[in-house]
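Next up is a structure, given as structure tokens.
Chains: A, B, C, D, E and F, in written order; residue numbering restarts at 1 for each.
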Amino acid sequence: MDSNVNLLVVSAHAADFVWRSGGAIAKYIKHGANVTLIILSYGVRGESNDLWNIEGQTVENVKKIRREEIGQAAGHLGITQMEIWDYEDYHMKLTDERMEQMVCKIRETAPHHILTHGFKDAFNPDHEAVGKFVFDASVLSTSNGVRYDGYPTTKQARLFGFEPHQSEISDFKPDVIMDITETYEQKEAAMNCFKAQKHLIEYYGAKAKLRGNHARRVSGNNQYQYAEAFSRCFPYVGGEFN
Amino acid sequence: MDSNVNLLVVSAHAADFVWRSGGAIAKYIKHGANVTLIILSYGVRGESNDLWNIEGQTVENVKKIRREEIGQAAGHLGITQMEIWDYEDYHMKLTDERMEQMVCKIRETAPHHILTHGFKDAFNPDHEAVGKFVFDASVLSTSNGVRYDGYPTTKQARLFGFEPHQSEISDFKPDVIMDITETYEQKEAAMNCFKAQKHLIEYYGAKAKLRGNHARRVSGNNQYQYAEAFSRCFPYVGGEFN
Amino acid sequence: MDSNVNLLVVSAHAADFVWRSGGAIAKYIKHGANVTLIILSYGVRGESNDLWNIEGQTVENVKKIRREEIGQAAGHLGITQMEIWDYEDYHMKLTDERMEQMVCKIRETAPHHILTHGFKDAFNPDHEAVGKFVFDASVLSTSNGVRYDGYPTTKQARLFGFEPHQSEISDFKPDVIMDITETYEQKEAAMNCFKAQKHLIEYYGAKAKLRGNHARRVSGNNQYQYAEAFSRCFPYVGGEFN
Amino acid sequence: MDSNVNLLVVSAHAADFVWRSGGAIAKYIKHGANVTLIILSYGVRGESNDLWNIEGQTVENVKKIRREEIGQAAGHLGITQMEIWDYEDYHMKLTDERMEQMVCKIRETAPHHILTHGFKDAFNPDHEAVGKFVFDASVLSTSNGVRYDGYPTTKQARLFGFEPHQSEISDFKPDVIMDITETYEQKEAAMNCFKAQKHLIEYYGAKAKLRGNHARRVSGNNQYQYAEAFSRCFPYVGGEFN
Amino acid sequence: MDSNVNLLVVSAHAADFVWRSGGAIAKYIKHGANVTLIILSYGVRGESNDLWNIEGQTVENVKKIRREEIGQAAGHLGITQMEIWDYEDYHMKLTDERMEQMVCKIRETAPHHILTHGFKDAFNPDHEAVGKFVFDASVLSTSNGVRYDGYPTTKQARLFGFEPHQSEISDFKPDVIMDITETYEQKEAAMNCFKAQKHLIEYYGAKAKLRGNHARRVSGNNQYQYAEAFSRCFPYVGGEFN
Amino acid sequence: MDSNVNLLVVSAHAADFVWRSGGAIAKYIKHGANVTLIILSYGVRGESNDLWNIEGQTVENVKKIRREEIGQAAGHLGITQMEIWDYEDYHMKLTDERMEQMVCKIRETAPHHILTHGFKDAFNPDHEAVGKFVFDASVLSTSNGVRYDGYPTTKQARLFGFEPHQSEISDFKPDVIMDITETYEQKEAAMNCFKAQKHLIEYYGAKAKLRGNHARRVSGNNQYQYAEAFSRCFPYVGGEFN
């Protein structure tokens, strides 16, 4: 892997980046890539069900707990560049100001690849909105006429969509099956930071094995044990079949 | 590009491999890959319209002309391993014996990639039949229980589908846009060997430019001038976003 | 569950019925339904890879081993009515005579539901052929003019499609998520009869848990632990939303 | 039918609930279910064409007429719990406040099933907006962190989509064909309350017969005479094929 | 309408041409077009259910009855050029010889338009096979190298697909809604010739009204009372939006 | 062509109407149709990349340059009725006031056909928004209850969607291939007015030839040299196959 790669990950809620791309993130960091993580919200309203079962729970306290979990998980994956933008979730409002913020972040980080939510995600309206938001920002970031001082245009980034929780009813197609065998342990450690979501830890562990099976079947390569799946937004462009 | 790559190209009729993948073939050969071309038919019935306008034309003479054209075109692309299986076209019959022949050829050549027709091609029933035929052969070639003496099983090859003549009504999606800038001249020379099909030479020349434009727009890389598009049959499996 | 239900299961190869519907079969039998299993082939050529790794292996011996495995697995599920039609697989030929055989079997068993392969299954041409074959047979079985002595017409059966191994690239949509919590142990015991396919035992065990997670998420019912998914061929027709 | 079923119907305009689900509503009420009807608008701007042909027509008068028609129609169907929220239509604005209103209504009524517009409806932008609005509300209503005093969370309701006026160009698939033979007379009486829309009364009468034909053909059950079709938003989850 | 139009109709079974295109046929004949009807089978096995309920029924007698019905119906529509090819139905075998027969018929009649079955028709495998068969024949008929003495090539005909019985689950899209108001009475008279199929007469009568409603809604033209829907196989090519 | 035809063209940015429909516009004008062009924005931010490369560029200056280019291009096509609404682009905001403006314009011009952007256009969020906006306006313009003084309702216009830049990944299907041979020179002259976009001039020139090839292949009519492709929003409704 070319260590000059810039990778930008945009996660709608606190833990999405771990379940859906923790292995890929750790792998890119391990190989020297420059990885930036943007977390748009703490997922206070939509993705902290269990925390709200605690008597006397408050918004501030949920944020505090999630901030700690995020920090630990990011540590396991080796993430050093991370921002939490603290948008309200469920429904997430993606205003013009926020679009400008995202365009500037893309221009600043000049990503070769962006990992974020795809355009369809049954049961999760925020994910769908974020997928469209990041896509539009990536297009605007390339346009000379969309001018923000100090943020010159970038090349069009390649967008890769996270696997949604229920893939088939979200019309998800696995265009990329990324081998994460070498960093799966890190992903597992990161997942275990979200203690209140035991059922998801088990779920995404099983997923990684299933995708590993698919990787072996498609490629005939038996070294693949764990994998993550992504959709792609554009065709592959380049010089080799792969 | 890794020069140990084995590439198998299966062309339903005489000239399909040139229009649809001539640039990619020449590029792989140039970089040292091991390329085998199988042409299933001379396209006597379905793809030699102009030759049949000549008074007194015969099947044997059409084959002779097409054989010469193929030879010249293959020469321009640098192809040295080529077989013409001389099936009748329009409709092409893909019998059990022919399936065995194809399975054995796949096992013999052990291709990493196969380029052939996709599953849908409006206006061309042969192309659709060949797409399914090669796909099935590639699956059978991996199975231990499908036994032909002297032909041990291979790993599952990656299949890439040619762009059909009218892409949208054939439900074609360009999953791969292959840069062929460095070998476009060879492709042009190869296309010019099919003198009776002037309108196609012009057509596929224009196509290569349009796909070059798409390549630039998607990647932001302005070096891409000419390209060919392919669909893929399976997800990409591997270790890098690209 | 109404104990007067007739259920027909048609499995292309030896073990398909276990991986894809073992829990549902066991459940229907447990509740008194009348279940018939038709296995079209031993899967000698296409689905016995590991057995062929044994030195000196023969077709007859593979069949013998698979027959024993099938018998044990069927026992764990409680199946008492089973036929193995011993068609050759990879490719399976579905002739007119075999169509008549299937039409007569459908008329004889008068199934309310048929479980079999869906119309699309990436990597498995036999499964696709069988899906279409059983569907056509179910239509012919209702027609008064398709006459076989001793086999009067039946009502149109409801067809449910097995989940293929790689669901998304087979365009599989889970129309039915069947809770199999009460019979999952039986399914596990049945899966374990196919010792040579350890990776599949693990795979379908993980699948059952993931589908259980989906069942809980969609329904809000936390009792669902294990599930199997099926597509449906026709709309639900009846008197209640469910 | 279990008489403890809670059914919530959300109708974008005055008469949608009658054309698209009048038979199902009457049937559920007849069998003891607890049915609540929410009508979001009087359809003054977009669905009262004929009333506006009357000289000197006013918004208030159109509302008055439609209110009377709704009342009569609801009476024929046996509806006792009904609210008209009087949103402006064409375009309907579905603000955050309205989302809160809908979430609270779903939590209050705790529906097992929700009948409302599907996600696509050619010629009717309001229907599409309402379909998405109710879906999102149903998801938010299950989340512990979306907190409104006095409205505790509910389980995820099953959503069923109305058949749009022109089904095929709206990508509508009839996942459920509901037999309404026993309540068709009530539906007919309800339809006749909308005197100004004669062409629709005839249209939806013919539709009910066509869907009855489909019901017979799919099931082989000749008792079905009239039916209504619905799409489903999620897979069926449960314990029986049906 | 240009009276030099050649229209070819290919009907899989005895009555398909009436239910699905009777109005369009009568209209074209009325305006002077040159219409040829090919009926591939009597529908003895698959589409004569009611006749087989008669004690002592025979294949020959069913054919005789259907031949009379066809003759009467064709008379009502004004058809003078008709052939019945008497293929066996359910399953219909479409051999190479039959392909040649169809290619020659297309070349002989040189149709501008062909009306026949579309590529997908749930519940009717014969219709699907015929749709593909006629399409392929239309392509072969244009090819100079597919040579049959006395049958010179034709231009590519435009293909229009009949509406299948259950449109949505057959993925049917109404690309063309043909006004048949002026010939609907003839269609009704033709439908009434198939006395044993009362339910279909009622069904296709209701369909014609529904499609008339769609025609009015899409066009704003209130003269349209009855219509038939067709899919198209290719784009419209020409000089005007319409 | 009937010279009483009203054609409305709605272009999101300065030059869209030329690239995507210049030939069709010129043809309609040549044959006496009444053509109105609405340009929603100058494309200052999203579609004037090259102009912003000039040192000291300003928004006002970009508008001035584009206004001149538009004027010249419109002149070549023969357009006499044109309005530039000067919305800001990238992102274009389509407010209620703008919807009213569009509804009134549709009612004023009473178009038989509207040419505008389709619903999906990869890489161009503005195009997608405008497609939906014009569609909704066309529906609202027919409704009696949507009342604006001086703007009586119109019949539903037929909507035709422009071909997007990258057709396949925008899910574009060419429903209409419009022959523009007789006005291609005018289109070429109009394209040449946008000097800063040389690559697009070449691109859309090549496109016109490719679509001409498709037109010949589909129709068998060799007179077609240049064409433009459009999708259609509704079925064709009328009295003839074409």
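Before moving on, here are some points about what is shown:
Simple rule for what comes next: a residue touches a chain if its C-beta (ideal position, glycine included) is under 8 Å from a C-beta of that chain, and two chains touch if they have at least 3 such contacts.
Here is each chain with its UniProt name: A, B, C, D, E, F = PIG-L family deacetylase.
All values derive from a computational prediction rather than experimental measurement.
Path length between subunit A and subunit C in the chain contact graph, taken as the least number of steps between touching chains: 1.
Each step here moves to a touching chain, and the least such steps from subunit B to subunit E number 1.
Of all residue numbers used where subunit E meets subunit F, over half belong to both copies. The two sides are thus made of the same residues. Relative to subunit E, the most remote chain by averaged C-alpha coordinates is A.
Chain centres computed from CA atoms place B at the largest separation from subunit D.
Look at where the CA atoms of subunit B average out and do the same for subunit D: the two points lie 53 Å apart.
The distance from the centre of subunit A to the centre of subunit D, each centre being the mean of the chain's C-alpha atoms, comes to 38 Å. Residues of subunit F in contact with at least two other chains: 123, 169, 173-174, 214, 217, 234-235.
In terms of which chains touch, the assembly is arranged in some other way, matching none of the line, ring, star or all-to-all patterns. Contacts between chains, counted with the stated touch criterion, involve the pairs A-B, A-C, A-D, A-F, B-C, B-E, B-F, C-D, C-E, D-E, D-F, E-F. Within the complex, the subunit D residues that touch subunit F are 44-53, 62, 90-91, 122-125, 169. Listed in rising order, the residues of subunit C touching subunit A in the complex are 123, 165-169, 172-174, 199, 202-203, 206-207, 209-210, 213-214, 217. Against subunit A, the residues of subunit B that register as touching in their complex are 1, 7, 24, 27, 112-113, 142, 155-156, 158, 160, 173-179, 214-215, 217-221, 224, 227, 229-230, 234-242. Residues 96, 99, 136, 139-140, 143-147, 234-235 of subunit B are the ones that touch subunit C when the two sit in their complex.
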